[in-house]
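To keep things simple, chains are lettered A, B, C, D and E as they appear, and every chain counts its residues starting from 1.
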Amino acid sequence: QQNVEITVHYAQPVIFKESYDAIAGAFARREPNIRINWVTTPNYEEGMQLILRQAATNLTVDLSYQGFNRLRLFAERGIAQDLMPLLRAEGDPAAMGYSPNILSLAHFGGFQSGLAYAASNPIMYFNADLVRRAGGNPDAMPTDWPGIFQLSQRIRALGGGTEGMWYAWPGDDWMFSALLFGHGGRMLSEDERDIAFAGPEGLGALRLLDRMVKEGGMPNLARDAAQQAFAAGRLGMFFWTTAALRGTMQQVGRNFELRTTVMPVINAERGRLPTGGAAGMLIARDAAKREAAWKFLRFSTSAEGTTLMVQNTGYVPTNQLAIDEPRWLAEFYRQNPLFQAATRQANIMIPWYAFPGANSVRVTQTMVDQQARIVEQRATPEQVLAEMASEVRRLLPRPRG
Amino acid sequence: MASGLRIMALAALGLLFMAPYVWMLAASLKATDELFRAPMALLPESWAAITNYGRVLREVPVGLYLWNGLVMCGGILVFQLLFAIPAGYALAKLRFAGRDWLFGAVMFGLLVPAHVPALPLYMALSAGGWLNTYAALIVPSTISVFAIFLFRQFFRSLPQDLINAARLDGMGEAAIVWRVALPNAWPAATAFAIFSVVAHWNDLFWPLIVTTGHERATPALGVLYFRTEEAGDDFGALMAACTIMTAPLVLAFLLAQRRFVEGISTTGLKG
Amino acid sequence: MTGLELRGIGKAFGQTTVLHKVDLAVRPGEFLALLGPSGCGKSTLMRIVAGIEAPDHGQVLIGGSELTQAHPAARNVAMVFQNYALYPHLTAAQNIAVPLAMRRLSAWQRMPLLGGLLPGARAIRRAIAQDVARVAEPLGLAHLLARKPAQLSGGQRQRVALARAVVRDPSVFLLDEPLSNLDAALRSSTRREIVEIHRRTGAATLYVTHDQAEALTMADRVAVMLAGRILQCGTPREVYEQPADIRVARFLGDPAINLLQAEAGEDGMVRLEGRTTGLRTRQRGPLTLGLRPEALQVAAQGWPARVEAREYLGEAQLLHTRIGPQPIILRVPPGLAEAPLLHLCFDPREALLFGADGARVPALEVQHA
Amino acid sequence: MREPGRRGEALAGWLLTTPAALAFLLLVLAPTLAAVALAFSDYELGQWPPAWIGLENFRELWTDRGFRTSFVNTLVYVGLVAPLSVLGGLGLALLIEGAARGRTLFRAVFFLPVVSLTVAMAAAWQYLLHPTIGPVNAALRMIGVTGPAWLSSSDTVLLSLAAIGIWEGVGFNMVLFMAGLTAIPRELREAALVDGARGGWDRFRLVTWPLLGPTTLFVVTISLIRAVRVFDTVAVLTRGGPNKASEVLLYTMYTEGFTFLRLGYSAAITLVFLAIVLVLMLLQTRVLDRRVHYG
Amino acid sequence: MTGLELRGIGKAFGQTTVLHKVDLAVRPGEFLALLGPSGCGKSTLMRIVAGIEAPDHGQVLIGGSELTQAHPAARNVAMVFQNYALYPHLTAAQNIAVPLAMRRLSAWQRMPLLGGLLPGARAIRRAIAQDVARVAEPLGLAHLLARKPAQLSGGQRQRVALARAVVRDPSVFLLDEPLSNLDAALRSSTRREIVEIHRRTGAATLYVTHDQAEALTMADRVAVMLAGRILQCGTPREVYEQPADIRVARFLGDPAINLLQAEAGEDGMVRLEGRTTGLRTRQRGPLTLGLRPEALQVAAQGWPARVEAREYLGEAQLLHTRIGPQPIILRVPPGLAEAPLLHLCFDPREALLFGADGARVPALEVQHA
């Protein structure tokens, strides 16, 4: 068999490098004729730019792992390819661990535009020392928001610039989705022609944000600042993605006892959580490269690949076999209890909604900007919801024809 | 006593200015978990300098980055000077049709942010198969309108009779540029050299676009790679990398300083 | 050997007209001094010849070819700037060597490092260094060659500027007050050096100076310029002894010529303060009588004069006196004429007559007064 | 008026500017025009070919709240940073040149910000200005003041960025001014002393300031341009937030183009940006260049 | 009225010692000319007095107070720089006004716009403008006041520099070759103007010039400086007629003094080329005999001299002759002594004798030769 060389791109090497290296090592033993060149970008955003820029000239990347919410954009621009035929050719997807739930994470543009590689969901990090000093019990943290707020106020009362809680609302709409989905809401209507968040669920989400400030005493911090404050032992509870777990552990070090737990429940029945993470999408057009790239993608999302991924990152597995069969990951979770919080929420994970059309990224920015008004207490949730609704509506693709 | 006051004021201001650097240096000596401890201590509790710097030197090809930086900055600087000095001289001291237009173009060029022509340039380089070469790093920056403007300003203050004398002595305009104008604008040339090198040494935007991988990575890009691939939130090591990459610039500045002190005197002239 | 010719040169700075249709020719091998009061346009004229200032009208011809438009470097003229215009970044030796290096070395050979390695370059550089030393020696610059202009005294700078001009063989020398900052001894030795160089090279020389002694001793001809016009151009003797215009007479001579109100009677006899002067002229009525201080003698009889002041000059003294109401200065040996009241006389052949318009009026007949 | 002797000069002028002009044409003008031409299209990264939509983008700009905020923010930022960094640079240059001791040291200290690596400095600033654990607020707490959330409050974020901008620009300007100072003939300062200029201020007014004219014009122009083009600090420290409080033109341009992928719209912002600054610049050089004394 | 005193001033630039322990006093109201060859240290001394150069040793006293370390502005001296040092961005009028504005207006009143509104400022500015006009007028600058230095001729710039110095009433004037670029007429009128100003203000004046005539006519005393040392300081007559040193004698006088090899016999009688000179001295052996060109006369008998060249000076001529092998220059009226062979004689009272070390040797007895 002929030697093939493929170029594979992924973002956030800080988080993912070890996992890809491990997978590549295992893959090389299996397919010695396939050589992989790696291209990385610091974050998803630049990864997206890289692929789009290349699309405008000549593509050199054959396989790219992109953030879930960006996949739609590539699908709509005809860069990502439908993977279902390839998958079908190998047999029943579900038997290979690609359950419909998992496939749906990367189902955009009406076809299977990618295969989920790693998934994450928001969790709560907390400083067990502070919780104890404030009279809380680290082993039985509050499971609803009012409880959190009370604990937060008690931690703040410790003084010396200590803050109680911080919720990672800035950046993109992911954490807002968590609040919205937690209420059982959704972003757009079924046919994607109109918004659906302007109802009671959306208002609930924004009110909850408002209460975090009013009742929980949440300070106005940037995300990096919050993370630093947390690492410095000055922040009690920190709500953010499980993906940051490894870095946080490193920063915290021996400063205090770091613990994690699930997100507080909002609506026990309809409440869901958005899924972050990456999916691989196939770009290669050249037949040989395409085949080789597919082989790697398939392997990286197989039970074996997923196991390696989880062991080296802390993400939630995205292969049903790896989740179900204890031989893959049970041992790992026993040894790393901090990583369990995310898996305990895996059952309520749903895809991170990606907006359609050209303005998809802008929509998320608009939502963040609007939330800032609440956090800075410059507007009520009702005002914000109304404006957010009208602005997002304006940015949605106008129905053609 | 006035001079004492002056030095005190300078020292106080200097401390303020140094603060971020002090933090960077201090951080490069600390382990990550010490870094954000609430009452910050300047010196680390447990010295992690060896770990941090060792990690940088071990995990990234520092020498390669520095070499790439040197080639890129050197190449850019040479061409910028080659293009800008004659142009600056012509704009300052020669009268010719179209001069005002050219100066207008310079002023316009000053306004154009690097991002604007970036995409077309990228496409051209890509079409020419130049991506990931030194040429790709150097070529787009070879023209510096900043330099043209700077040299024009400094050359304009040169006494006209100096140039007249040179013409009588048989120098052509090109010879005047290099033999009379430039030697009398050394501080400006040095200032520009420093800025050019600093700007490109630290530039992330363009190298990130035209290079992939370590092979042609510049120092700033190296830091970025180090952060994204290795260090992540290991601030201590990251700051160690920053310190290493910044040090050559600081050294270069210290060496170039003398050029500012050496005043250019116009005592060749009377009146 | 080339000459220099200026035809109808006109120049104005904004509203001020500085040169009015100046015609001037320096013959091949000639040394021509340009003399005129401060601000009359001498330097401007020189700069036009050199090609660093453009005339508004007129033509500059060097060696017969029209070069009004040519680049300074193409004219092959050497110039001492009134303000020296030394290169501040070069040592004295390097300053002097520039015109040679520019002409003898090719562009490649002039390259900083590489140039030295090229064949021939080293030999040429050695030759240049020798030439520099050769001109520096008589100008007393030998021990100053390694200094930069900022480390030189005023006079030393001026000499470097001079050396830079005379180090080569141009077709025309333009020297703008090249000795103004030198002391008497250096000045006279440098004067001799310049004359010697001029003799050797035979280049047409245009020499601006405010020092008449310099102009009169060195020049073949002197051009007297006033307010942008050349009033007279002739040999030193001509301009000094036979000035064509009262302004020329007034400008030449130190102390200045005495100009006295005189009157030509009906008979044409010129009378000064009531006494006849021995001069006769065709004009009638008021005239100006010019008498140089050295033309006057103290005598037993003549015009009675009151001495008002004495100025000691070393080798002579100046007497400020008055004949009637008119002031008159004379130069006499020191120690002479201590009395407060003297009698003055003069040789009418040395007297000059000017009409009301300032033009010279010839004396028809002269008798000893 | 006839301009004899100028033909050679003109030729030399053209010859000397040709390399620069060609490079400028190829590397700046042509790509810029190409990029700006997109302003009349709906081009998005990855979607080819674009459709020509005339002035649609500009119409949208007119109503875009984000653009307006960004415009005003930029003005405020420039208004703070440009004058303060020019004055600061000048003041430092004079202070240091006049200092009896430690000139080398101080020059280096104030120059340090110029060589700063964005990655490192972003981390440092984030830490120094951190609302709870940062030394700045810690110091304020010591004197009983509760410091603001410098980089995350919409009240202070622009001020903080401006302070950082000044910090970066002052050293830059200082070096330029020092280069300019050396070009002032020593004799003139001596003449000023003899003429009775007692204090530094007199000498400054009489000699230094007028003869620094060309340098000052340069520094002012460059400072304005640098300030108008502020980008790095916004991109790494605040990303325009919170709620666009630190959104500036170039960052808007960048996000519209590269994050939101709307290159056409981004080009329209560029065009407006260029037009505004070009007019300002022309005014400035027309007015100032006349008043500057060149040797 | 204040005087100026320099005590043991020493100054070196690197290895070169430029001033060797210079002692010099300018008495209150005195006009002292500093004369010396180019590069001897005159400007350096002036700059030390002004306080813009610091001496390595010694003290500067002005009006009796030690001001060696004082700020230039505190010394209240006015200076004309040899290279003018005009402010290029100010007009001639503004240049001249600077020292007045600095002294008469407060810092507030000097503020660009605001300053004009302050009480009193306008009146003071008017007074300054009047003073500027007052000094500009006699220097011929009245019509040039609005020009910037770049638009002035060399001589005009020099006059502006002079006007800037003399516009105020300092305790000391320091004038460094203030007239070097002026023509004879302007020079003599300006000379008179300076003397007049000096008389009026009575400020001690230190005046550097390379023009002896200037030094001798204007100064109360002349200090002759050579290679960083003051060799003699005395009245013009003293230094010209009774030089203490052969170098002083050689430096003063234009053309220079004739220095001839002579011999004092056993009887002390001095002989030149075999003929007795009528001078007697206590020294024996070889001596140098100094004779000024104007001390020599053409006579019927005396030393036979061959005429080798003639130089025409207008009011006189110079004869370059030789007595035996020794060259000798004399100054005679023009038109005289046309013969190629002459006889020369001199009045022994005007002759000077110098020993081998250069010091003056007194003549004991003098008889007419």
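Here is the rule we use: a contact is a pair of C-beta atoms (placed from the backbone, for glycine too) under 8 Å apart; a residue touches a chain by one contact, two chains touch by 3 or more.
What you see is a predicted model, and the numbers here were worked out from it, not measured in a lab.
Each step here moves to a touching chain, and the least such steps from subunit A to subunit C number 2.
The interface with the greater count of contacting C-beta pairs, when A-B is set against A-D, is A-D. Centroid to centroid, with C-alpha atoms defining each point, subunit B and subunit C lie 55 Å apart. With each centre defined as the average position of its C-alpha atoms, the distance from subunit B to subunit D rounds to 15 Å. Rounded to a whole number, the gap between the C-alpha centres of subunit A and subunit E is 92 angstrom. Multi-chain contact residues of subunit D (touching two or more other chains): 3, 6, 9, 127, 133, 185, 187, 211, 295. Along subunit B, residues 36, 38, 119, 159, 172, 224, 227, 235, 264-267, 269-271 each make contact with two or more other chains. Counting partner chains per residue, subunit A has residues 53, 56, 161, 228-229, 232, 234 touching two or more of them.
Residues 3, 6, 9-17, 19-21, 23-24, 27-32, 34-36, 92, 95-96, 98-104, 106-121, 123-125, 127-128, 133, 135, 138, 167, 170-172, 175-176, 178-187, 211, 214-215, 217-218, 221-222, 225, 228-229, 231, 250, 253-254, 257, 263, 270, 273-274, 277-278, 281-282, 285, 294-295 of subunit D are the ones touching subunit B in the complex. Chain contact summary for the complex, subunit A toward subunit B: residues 12-15, 17, 39-42, 46, 53, 56-58, 160-161, 227-229, 231-234, 246-248, 250-255. Interface residues of subunit E facing subunit D in the complex, by the touch rule stated above, are 47, 50-52, 71-74, 76-79, 81, 83, 85-90, 98-99, 102-103, 107, 110, 164.
Contact residues on subunit C toward subunit E in their complex (touch as defined above): 13, 35-39, 42-44, 82-83, 140, 144, 151-156, 159, 176-177, 180-188, 210-213, 216-217, 236-237, 240, 250-256, 292-294, 311-316, 331, 333. Of all residues in subunit A, those touching subunit D in their complex are 45, 49, 51-53, 55-56, 73-74, 77, 79, 161-163, 170, 219-222, 224-225, 228-229, 232, 234-235, 358-359, 361-362, 365, 368-370, 372-373, 375-376, 378.
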